[in-house]
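The structure that follows is given in the form of structure tokens.
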Amino acid sequence: MLCDGKEVLYLPGEDFPSFAKTLYKESGAEYPKFYKMSDMCKLGFLAAEFLLKDLDEVKVADPDQKALVLGCRASSLHADIEYSRTMNDIPSPALFVYTLANIVSGEIAIRHCFRGEELMLVQDGPESREHENYLKVLMAEGKTKFCISGFVDYDENGNYIAELSLIKKK
Amino acid sequence: MDLREKLKGELIEQLNLEDITPADIDSSAPLFGEGLGLDSIDALEIIVLLEKEYGIKISNPADGKDAMQSIDSLAAFIEKNRK
Amino acid sequence: MIKRLADNIISPLGFSTAANYEAVRRGESGIVPGRDAAGTLLSLARLDREKLADTFRSVFRPRERYTVAEQALLLSVHYAVQEAGIDPADPRNGFVLSTTKGNIELLGDPGHDLGPDRIHLWHTAELLGRFFRNPNTPLTVSNACISGACAQIAAFNLLKDKTYDHVVVAGVDLASDFIISGFQSFKSLDEDRCRPFDARRKGLNLGEAAASLVYGNASGSGSYLLGGCIRNDANHISGPSRTGEGLYRALSAVMGGLSPDKVAFINAHGTATPFNDQMEAVAFARAGLEKTPVFSLKPHFGHTLGAAGLLEAIISIESMKAGVGIGTRGFEEYGVSEQINVIRDNFKHEINSVLKLASGFGGSNAAVLIRKNV
């Protein structure tokens, strides 16, 4: 994991669940709900945790002016598969709730009190002209002071990437 | 094993309560709001647990509300209704 | 100004906007009783797959297999684009896709021969663009039940900054076993037809539909998209905020100082779950909209998820054009804490503006304002 280009943690060969747990402990967050999250949500949550670490100006900003524009590729398919296994027995509501692409935005919003605009787009990859355009319009509108923008993807084969930036309106 | 202790273990497992052991859970303490701070999704998962482990079916979450006040009330409910 | 040029609905009530609107006005519903895969009673609005396949075949003479969701989506876009008289292949025209689960049915069909990518939403978007020979990648919104409203807001942006001359906004979702079982696990389905805002409401019905709207920069008499707003509750990932936080803020922002009496009609999300309708009522009251006539279309179509924001906006526009407000079937007695104004029966009314609302899992809320110019 890199923050502002600097490597914070490198655990080659570690599977995601243990990497995520280590990162969580490293972050110092005390947030028991973390353990209920899907892998995609853990991924996004952790990325946001480190992105916003020690940024008091974000903490104290008007929640209505804190926005989230994220993209993903595989939606929540990994979580969909996990949920679908419980359909043979007794379907699990705790797994079902994570079978939507935008729940990761919801988790980040709750954690950091982001009550502004929020959108989840499905993209081919981290670079997206449509995403950039949307951001431009959003920031130009003038109602958003901080926006977390980026790409959070966890696919059905366990490949994952999260790239988040914090945009601040001058 | 005492039903209460069994339930504590099951709740920890079913609700992904990491870093919590059965010893941390007070049988008479509220499960929702304060105490373990469980929420509406946890309540639905407890309904799943009741069906899976104890054969008790609850179709309306409101029906389970009293039973889920605490480990004590949950144990009493199970003892009364289990198949 | 961003004008509605054409639209289409594919639903159990018909394969055109006109058929759907007329059915709604007559009080008809596509929701019928049935059972889910576990044998539990439920009511839902299912598309006629045979009629859909026949129509799809006769319109397109396809050489390959398309899923039910794809058939509904492509057919809907085709009709809308035809009505608008635009060339979908023109690079100056863009697409916005709205769906929550797309082809998720394929998860329950491991033997399907459509390839491992077909289940992906990005594949549905690519297929949409490719089918209509459009060189642009459709912008794909997947934001739970507010996707349709978000998609219109995205289209608004794309037209305002002249990225495109026209935008086709299309949405689809099906009531697959996957989704039905999930909502059952949440105990949020009513086995009978839903009763929005009613004291006896027990939950929602799921529905299937595709809906498309073509928007463009134009003027003259017609319906205009004035704008929209998305706000998050930041409270809980599935439970709506008790104070209607996000929806209230979205409403206030989209009204932007407009006096409540200038809003003629609210098409609520109105899913008939105990918590959603209560939350909406609180939000309306907070925004000073307690006297504004409110209606929900869920008793006619069920909750169509990714298509809902579009389908219901279209019916609201039709209602606005006809000057007839649609009553909320199944609503008899208030079951919310606020004194709001839910309309029971159709009524003649000079409606020149409508607020389309949506709320969804993830704490998302959206409000879109549409006005009629004569």
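In this document, chain identifiers A, B and C correspond to the written order of the chains, with residue numbering beginning at 1 in each.
Just so it is clear, a residue touches a chain if its C-beta (ideal position, glycine included) is under 8 Å from a C-beta of that chain, and two chains touch if they have at least 3 such contacts.
Heads up on the chains, UniProt names are B = Phosphopantetheine-binding protein.
Not measured: the values here are computed from a predicted model.
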B-C or A-C: which has the larger count of contacting C-beta pairs?
-> A-C
Among all other chains, pick the one whose mean CA position is farthest from the mean CA position of chain C.
-> B
What whole-number Å value describes the gap between the mean CA coordinates of chain A and chain B?
-> 30
Per the C-alpha means, the centres of chain B and chain C lie apart by a whole-Å value of 38
Dist(centroid_CA(chain A), centroid_CA(chain C)) in Å evaluates to 26
Shared-contact residues (touching 2 or more other chains) in chain A = 90, 92-93, 97
Which residues does chain C have that touch at least 2 chains other than itself?
-> 185-186, 236-238
Scan chain B for residues touching two or more other chains and write them down.
-> 41, 44, 48
Please name which positions on chain C make contact with chain A in the complex.
-> 100-101, 104, 107-108, 119-122, 125, 137, 139-144, 150, 154, 157-158, 160-161, 163, 177-178, 181-182, 184-186, 229-238, 245-246, 249, 253, 360-364
State the interface residues of chain B toward chain A in the complex, per the touch definition above.
-> 15-19, 37, 41-42, 44-45, 48, 51-52
Which of the residues in chain C end up touching chain B in this complex?
-> 185-187, 236-239
Provide the residue numbers of chain A that touch chain B in the complex, in ascending order.
-> 32, 35-36, 89-90, 92-94, 97
Chain B residues touching chain C - in the complex, by the definition given at the top | 39-41, 44, 47-48, 59-61
